[in-house]
Amino acid sequence: MTVNVAVLGAGRIGKVHAKAIDATDGANLVAVVDAFEEAASALAKEHDARVDTIDAIAGAEDVDAVIICTPTDMHADLIEQFARAGKAIFCEKPIDLSIERTKSCLKTVEECDAVLMLGFNRRFDPHFQAVRAAIDADRIGEVEMVQIISRDPGAPPPSYIQKSGGIFRDMTIHDFDMARFLLGEEVTTVYATASVLVDPEIGKLGDYDSAMVVLTTASGKQCSISNSRRATYGYDQRIEVHGSKGAVAAENQRPVAIEVATAEGYVRPPLHDFFMTRYTEAYAAEIAAFVYAIENNVAPHPSGEDGLKALTLAEAALKSVAERRSVGVDEI
Amino acid sequence: MTVNVAVLGAGRIGKVHAKAIDATDGANLVAVVDAFEEAASALAKEHDARVDTIDAIAGAEDVDAVIICTPTDMHADLIEQFARAGKAIFCEKPIDLSIERTKSCLKTVEECDAVLMLGFNRRFDPHFQAVRAAIDADRIGEVEMVQIISRDPGAPPPSYIQKSGGIFRDMTIHDFDMARFLLGEEVTTVYATASVLVDPEIGKLGDYDSAMVVLTTASGKQCSISNSRRATYGYDQRIEVHGSKGAVAAENQRPVAIEVATAEGYVRPPLHDFFMTRYTEAYAAEIAAFVYAIENNVAPHPSGEDGLKALTLAEAALKSVAERRSVGVDEI
Amino acid sequence: MTVNVAVLGAGRIGKVHAKAIDATDGANLVAVVDAFEEAASALAKEHDARVDTIDAIAGAEDVDAVIICTPTDMHADLIEQFARAGKAIFCEKPIDLSIERTKSCLKTVEECDAVLMLGFNRRFDPHFQAVRAAIDADRIGEVEMVQIISRDPGAPPPSYIQKSGGIFRDMTIHDFDMARFLLGEEVTTVYATASVLVDPEIGKLGDYDSAMVVLTTASGKQCSISNSRRATYGYDQRIEVHGSKGAVAAENQRPVAIEVATAEGYVRPPLHDFFMTRYTEAYAAEIAAFVYAIENNVAPHPSGEDGLKALTLAEAALKSVAERRSVGVDEI
Amino acid sequence: MTVNVAVLGAGRIGKVHAKAIDATDGANLVAVVDAFEEAASALAKEHDARVDTIDAIAGAEDVDAVIICTPTDMHADLIEQFARAGKAIFCEKPIDLSIERTKSCLKTVEECDAVLMLGFNRRFDPHFQAVRAAIDADRIGEVEMVQIISRDPGAPPPSYIQKSGGIFRDMTIHDFDMARFLLGEEVTTVYATASVLVDPEIGKLGDYDSAMVVLTTASGKQCSISNSRRATYGYDQRIEVHGSKGAVAAENQRPVAIEVATAEGYVRPPLHDFFMTRYTEAYAAEIAAFVYAIENNVAPHPSGEDGLKALTLAEAALKSVAERRSVGVDEI
């Protein structure tokens, strides 16, 4: 069986996914859509696919699945349209910035019995997967505490911030998903603190650029998340998990692993510059997993529900900052 | 000038300090006190000192300074007695488990214009000092976020827990001091969460064995502390500081630095077993700093005030756990 | 311009190169040859290429370049045939196990003014390239000493050993090339010692499985190479270069970078299992460099001459083992 | 029992050993000798010992053992004198620069049935001892290959070089001993190459500053040693041992273990500045082992024979450089 895929949105992440489809056995890129004709044409040409419209793709018999890489505010509508059209759907996070809209969208997905996978790419990073595998193999015993450090190399421009939904919905949301991936138990309370230390413009827009979050579960497990929009030394992405028998940690990744030793000391190069190079393998693996799920008729993960839960934690974090207290997830 | 010192309390930490005095040029151990005559005799003999009584030492002309290593509940009384006697005082943390008693004790110290240094030994660890030096040398710019991971290799017995004042006053207090040492700005709010994951006996005594704390300052700096009474792989003591220009971190220490590579992978030995081996150099350096302060007639650090401030943060943490909210330090 | 390429030999390394051509902009795989029809068909089909014969490819107008991945004993004849046919040639090392035959082959290449690149893939490893770049950027000053450790995870079967030309021509040859790449000055003397420690079958075939080599240059630079056909912990590939101002080293690579800490210590997973996974990026980069050289009409590196020089060092090493003395390269 | 010790030679290393005696339970420093009265007085005063003469110490009833830290050319005579005087002897390496004199000296030691320990301090480094312990515990199987990298931070002055006996007898001799310590089998052949890359003055004195050595044993084990009088990044002291089941390595040591990350990359501080700080623990441990051997009436290691064997390897290395061939140890 070949899974024929259309990519909706030919921007940076659309290109990454198009390449991943190419590299996945059993998957074939057939169509590309983008509001910018030129972007669509270029990507289509590179992958021997056609340029098409959203509606045509929804009705096309030769399209089995779509990958939604459009701006966030189109996600929910597109998910619903393609759920109704019977296509398998891979959507970049988040489904929507509003929890209500996310819920209504997921209801439609459920009613249509549609296949929906969310783009929490980090779950597919080989290093983080090895962390999860170490836990599953009982190498560290029962999980007790999780530490996540996630720092972007630099702050995005104000125009991005404005549409982003804020640091918790845009950046921390990946860490919320990772926390759930690693804790193995649902989060019940969220505490967050946030400030503006990197770029005052971000503050003017009502957002934050530096945040710490503490999550707890019913059984007393705890997770700490540390976020900043600044890391001069590269894209800082670390997790560590402590259990009753030991701990497991994933180290930072750098493009070249050399060390220069001089009178000034030992110097290693900076980390990857950002997610496109850091998570190359993860992007390929998540698309392969999506194709595998379609081929084998199994439910893909992370699911729409996973998307909703991460968004709920983001909402709780915002409320926590505002009210300076620990917020129960059931309050959201 | 030779500084003549008496050690009050000949237990584990008393022995460490006696050895440190020996190793410090210009310091001389002249007297030892302990409720257990035998312990006092053994330590005195080893260092060519006399066994004496507390009152005799307070009145002895040949004693310039005392090092208080007795049980915690004697600290405040002894500090006051020796402040009045005009001796320089080094006291193990904490001054007292009660903030009120700590304050009254410090008042006496002030009235007597006495020299008082608190035993926050970690400030004297060469690795942590190098972190502080990197900040002072402006290698990372303005400090923004601090991460402290501090995990004991195992839980203490219930008898210890009962007198300890609880995890925040006993264990986290070192991290509170380290946070203040590194943030370079006073903490204004404290959030803490705590649970019992390691030993149910600890829970029965009303204490916790696993905790996470988030501190913030007026300018928006943030500090995360992660504590556990369990670390199968040894005494886990890490700090990292992020600033506007970069970050600096102190790695964990292990007694032997070898790596064995086999088909199972690359294996390095566990960390130090606990504070006595991990902080050997720090214990020696803090006594040398105390002696230096006396010889040069300068105020020693950390001061009694530093002790009070760390204790206040512990108190705020306890309140935060109880009320599930961020607690202002000015509420304590 | 598109460079049309034929792959001669559809075995393990042929597949790697076919994939690399696909991934290289401006290159196109048009034909595949293999003595095993099935292997040729499968590879051709995967890359939309035709199955063809060697002679037809030599005469084909739509073929600009060939990649020779056949057994070693065919290399020299094929290089000569395609040099005469005016095709650009990429050939896996070595050109031939005989120095004489290598020289006559290179003479033909020169007479035909043909483009020939040798497959010393390690020069294209991003980590080793970063080492070279650090030297070029004068970060370590004048090169003085080079250390190369290169250990295979396991010994090949006797059938492979028999045709391999022995450890120096088969395995160390890569390190000889790397030494030349890093020393920046031609080697003048070779000393080698070798023994059979891993597999007695290798000894019965007159070969060795463990070897150490010391190279020197006219100005007194020195290089140490350490080889073994055994490394239980994975494919061990390290280089370090010491210069007048400092040193630079490339660390080993592993597929997943996690660390598990328990009472037994800190464990990291084994290294890559062998060259196919360790040098994935290098294989892609060398083909891209070959295509680039053709497109831009520049001489590719490593050249046929580089192949001859590495082979000469292997020959000198063999002589050194036999005569238990340092052998001048000019003796070969 | 208390072992009363005299230190002969109050220079840099004499001070280190005096301090080690102080720190060793059961050992007592009673006398100090030095040609410079002032040096002897200062050291004696610091340790409550008397200044004395060599002859007086040889005849003193209250002296059980001597530690010889004089210039090398006095070693053999002093060893003989104190062997005859019935004192236990610890002597800094080497016994003498001449193999003949070393042999005659050891003959006297044997005739007197004297206790003699050689100061190959590295055997007592906790990290190298852990390497040896890993081998003994069969964690890496049968030893096959050893790699030793040993680089001094800087070249000594010409005046030192002149009396040193040259790089192999002065510097590599420690590595020869370490090779024997790790190989677990006597060395049978030595190949060495050497050049002058660091300081031309060293060449003018007929010595070298850069050397590589390959040792082999009867069963085919191999050991590589790499030496330089230059290492801008600190005192570089690494060993790794490869066996049939795996490998074990000792990492370099640095006084502070921090890492600073900025846009320029990750920077760790340089290594220890030289042997006094790098081998502090080893110096203390070797004296403790010497005292232990006396107290328990067991033969101390490394022995005079170990000193002779390392010197023989140095001699073979010199001959190898001169004759550009592998030299059999039985030729010396």
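Which chain is which? They are A, B, C and D, in the order written, and residues in each are numbered from 1.
The working rule: contacts are C-beta pairs under 8 Å (C-beta built on N, C-alpha and C of every residue); 3 or more make two chains touch, one makes a residue touch a chain.
These numbers come from a predicted model, not from an experiment.
Should one ask which of B-D and A-B has more C-beta pairs in contact, the pair is A-B. Across the assembly, the mean Cα position most removed from that of chain B is the one of C.
We define each chain's centre as the mean of its Cα atoms; on that basis chain A and chain D are separated by 57 Å. Averaging C-alpha coordinates per chain places the centre of chain A 42 Å away from that of chain B. In chain C, the residues that reach two or more other chains under the touch definition are 232-233, 245-247, 261-263, 269. Interface residues of chain D facing chain A in the complex, by the touch rule stated above, are 232-233, 261-270. By the touch criterion given at the top, residues 126-127, 129-131, 134, 139-140, 245-251, 253, 255-263, 269 of chain B touch chain D in their complex. Interface residues of chain D, counted against chain C in their complex, comprise 144-145, 147, 149, 151, 189, 191, 193, 195-198, 210-212, 214, 216, 219-222, 224, 226, 228, 230-233, 242, 244-247, 324-326.
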